[in-house]
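Each remark here refers to the structure printed beneath this line.
For reference, chains read A, B, C, D, E and F in written order, and residue numbers begin at 1 within each chain.
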């Protein structure tokens, strides 16, 4: 146990990550964790999925190994590989294997972005076998009793060519996430940027205006994250217009008309 | 024999995997095994093919080497490769070679997903020669008398670009699998989740409702696996609605209408 | 000579492979072998090409190096490569080089599946030069006087993008193969499965029925191989229906109508 | 701190890079830097984005690690890799890791050109975690307090297949750049080429004429850079016509008509 | 000189390759060789280009390094590469470098099949510089005075995507090749197969019949090579029909009608 | 300086390359060189760009490092790479780095053919920074004061998928090249082939005839290079018809009609 603790020491959260629950997500997570049912977090960009899993790892006192998946990621990046050193080749556990072997929570962010061999690698970890075959090493790792697997999935991104197979999806219990309710989002902006509540409230209203344009004039609306950036710029002395321009309007769109519409919304709220 | 036993020790099943037969599949498997006729298991996601092969391996007292195939898998991943160590290169048997050499059952799950060179590699194992040429090693491995080859195939997945060649298919005897009959599936859910039979029965009815939508509103219906997940969440204290939402509805679809239809089916059965 | 014998020892056939000639194929092969004219065997899946070449190798008392080609196979897989060991790199002859150097018959099964560099590699072996340049080794191997090259080719598989170049084809003498005549095929099934001749005859009639569907409802008809599998299952105690279902119908098609047509043909013959 | 200074010594600017501000870009940059909010500079070719970031690095007295991204660039090129030396493998920090570890500004020029795994690698550096996971090394690098991340983005280049994901964009505050106003651009040409102001003014007018053709007859108008090149050629003794031909007309287009239009504009201004 | 001789010893022709000239090709080759003007041999499959270059190498007493190009061939395969051995890496000259350094004739057969980097590599060898830059070795090899470069090109094969660039083509003097005149081709068949002249004459007439079908029913007509194969089979005891079937008809086509037309032509001539 | 001299010794021109100027190209090159403004030479195949840059290198007494770019060329081929030797890995400067470090002229011939990462690598060398980051080595090479960069570009070759980006083009001053005027081209043919002026003049007229067909019946007209080849063959004893056939007609086209038109032009001039 001591060696497990040491192996994942860098992955322990030392302070409580601030999280504002929106519903019963904490209870459902704990029920799934109790039976080690793998979990899938579904939801749009920047709505708090990463913060939630950090909060749960802290709450459950488990180390958290986060892997941001991408289209060049292969199973070896997750599982590990042989590296050459002075005495010859040495096996190097990948982040998934670290969590499996030593009992961490492994969070595979946007696993659908990775190459297909990565989804196959997690299959035997998500049924009663709870094993991870390291084929290149010739080892079958039996998962540590505390190991838990969580993945995220952004339904807006998926396309016909890039989607999870049914045989993968049905191995997970799943939870929907979306932007927090206005009062909750205001409280988050206040906490994270140091802005006054009255100002934060206006930023949240602007975000709501932008989210109504999502799918039409914008790909996605302003995330909570952009509001925090705007709040911090204001806190650092930028004017409302400067901060919203830099943190919300310019990142979101290059379209002259849409930019004008967003600027009008800002004037309306901060006038 | 002792060294064969040792080589595959990690692949022996130590407890009987629970399996509920639906027809004469055990007899057909045993007849094929007697003549070492390679077998192909055909059927949809999560209907019990993996559990069946585990059960047969336990029954026949053979170690089981399972390989989940994927589109980046090459023949070397199956057969083995040279690895560098302090004394130079050393040959490392892949999972197929392990089974061939030491007399295990090798189960290639969804072999059609792998690159074509993998199917070619199994050809000389599936006729009277029963040999595995390790071309990169310059060795011809004569299969152990107990070696047996089993592959799976999901007819719903295949496309024109990804299918087994006729010259591969015709080397196998094949068996159809589908979801178990209602009473059998209920018994499986009871056994695996600890739920009461009356509750399990209702979950099975919901699965049947979802399977009627498969091919139209859903890609596939709810598998037995999702029912077990729901049962376990209920057993861990979640309400029926919470458990079905997390284990069945959210994983299966993002479509608002289809979700509503599934929720209606649930209310109807649990009301 | 002794060292040549040793190098190919694993590739010698120790028992006569059963082969039932259909025409003058043995004479033509021997005439071509006498002048070392390279040979191409043309024909559909499972009609006996592999068995024929094994028989000829046994008859001519030559070791047989068989290579099943596939789309990831490169010239290096045939010719050889440098491997690292404790004293540095060491050249490792590939299967083609083994046969060229030590006087075996090299059989390249479905060479058109391999990458194009493989066909170029065999060109200087198929004219009066009879040499194999190992470019990465800087060696020109003069073929052993007994070396002979044979390739196979399935005309039904070729497409515009994957075909042998004219400059390759015209280097070979070629022989057509197809399914054996009914009496011969019956005798093969009897010999290989241990079934009674009357039963074997019925299986052959079923194969003929299925071959009439080839190109329309089926990609290819039932090969001799599937009949042998069916015969062996019957011999192991399976009923006619069970054996034909497992060895012929389920491997060949997933189409409900075509399966029914095949089942009707079986009932007609075994009723 | 001393070792950080040494590690990035080659990346310190030793002389003040000349920069002529067009608006409040220096203040916005400093506000974002104070909170370490990652920045995105948006604008066309050669309008001064690179010069601006060099100026800011000099102003803030931070070393500047610039990486020009391209379509063959992978995460390893940014993050680092294992290299073999006499004692085995040794980890070699990539340019991003250098900046993260030792507190430099990392400027990823046209990051959208790089492969997608590079954008994923910067995600955990752009939220509160400020960490860089070196997965292949098994190290989590906590960013140095002075580390700052800046990227550039040319909206004119992006296409549907190559764009930043929303979940990346919204992590950055952004600033628009375009060609400087005429008086400012004239002053830049004078300073950088040594040309008289009256001549530089005429070159700027020619650039304006060319920019009116951008999107129609030209892909882009003449950048400030081409004006400086023309000025320097004139300063080195070339005639106005020679200098403009070589530095502006021939690089911009091969179209005979467009070249004539540009030559007419030049005659009009220098007649 | 001695070491040059040794380096290319395996590439010297020890016996005069039989060649029957069709026109002034020997004189043109010698004129080009005198000024080391690179040569391109153009013509269809199996019409004698390879034999011609072997004959010229023998005539000019130069070693001949033949490289059959293919689509996976890269510049490194021609030029050389670093190989690892006990003392570290060692440079290994490729076949082109061998000929350049030690004064051989290098014959690149179907260079257009190779990857484009190979054509770029020969450019500085085909103008007054006569150098070969080994970029990976950091060496500029000045060509040996006797080095000569010859390439072949089959105009019938080229497509829009695979053709020599003009800047490559115009570096070569070129010569057209086609099938030899009837009397000459007859003499070749007699010499190479040992057949009587009257029989060889008939085979040549059949080849002419097949060449009239080229471009319509056949991709290419029967090459001289196929006639020699037929002649040898007849010499080894095969009947006319057997020999022509195996060496001409079956290799050339699978079309039932075209096969019949060819068989009729054979009966007409041998009746 | 001595070590710089030694490092590039093989790249110095020892004899004056013959070059016949067509306009003010020498003066423009020298003006650009004085300010180290990077240069782009634009023009068709074989019109003398390579000879011009060799002449200028000789004139300016700078070593010339020429790199013929191609579609498999990557940044590492230009910049350098790590090679393994007995003491571990050793950095090996590529041709661009050699020129940058030691003060040569680097000529990248047809850079647009190379992979995109190569163009990115030259960016920081083409502005005031004049640096070359060796990312894999972790070194920033400050260019030697004498380093100069020249690239070539054939406008006729570029397509939408393969073109220089605007942000690359506008970093270069550019010069147009085309075939030399008739008297100049005649003088070149006389000098390089030893032919009499009256004969050379006729070859030039034939080239003019062929260039009128360029873009219609021919891809490009006969280059000066082909005229020199024809002149040399005539000088070596070939007849006018033989020489023009081999050096001009056969290399340029396989079209029977166009060949006839070219032959007519030749007869007209040499009759």
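Criterion: a contact is a pair of C-beta atoms (placed from the backbone, for glycine too) under 8 Å apart; a residue touches a chain by one contact, two chains touch by 3 or more.
This one's a predicted model, so the numbers in the text were calculated from it and none came from an experiment.
With steps allowed only between chains in touch, the distance from chain A over to chain E comes to 3.
Using the contact threshold fixed earlier, the set of chains in contact with both chain A and chain F is D.
Fitting chain A to chain B on CA positions gives a rotation angle of 60°, reported to the nearest 5. Here the spacing of chain A and chain D, counted between their Cα centres, is 30 Å. For the pair chain B and chain F, the distance between C-alpha centroids works out to 61 Å. Computed centre separation for the pair chain A/chain C is 53 angstrom, with centres defined by C-alpha atoms. Within chain F, the positions touching two or more other chains are listed as 84, 87. In terms of which chains touch, the assembly is arranged as a closed ring, every chain touching its two neighbours and no others. Around the ring, proceeding from chain A in the sense that reaches chain B first, the chains are ordered A, B, C, E, F, D.
Chain contact summary for the complex, chain B toward chain A: residues 10-11, 45-46, 50, 66-73, 77, 81, 83-87, 92-95, 98, 113, 154, 157, 192, 219-220, 222-223, 225-226, 229, 232-233, 235-238, 242, 246-247, 250-252, 254.
For chain A in complex with chain B, the residues that touch the partner chain are 24, 27-28, 31-32, 34-35, 37, 40, 42, 74-75, 82, 84, 87-89, 115-117, 119-121, 123-124, 127-128, 133, 135-136, 138-140, 155, 165-167, 169-176.
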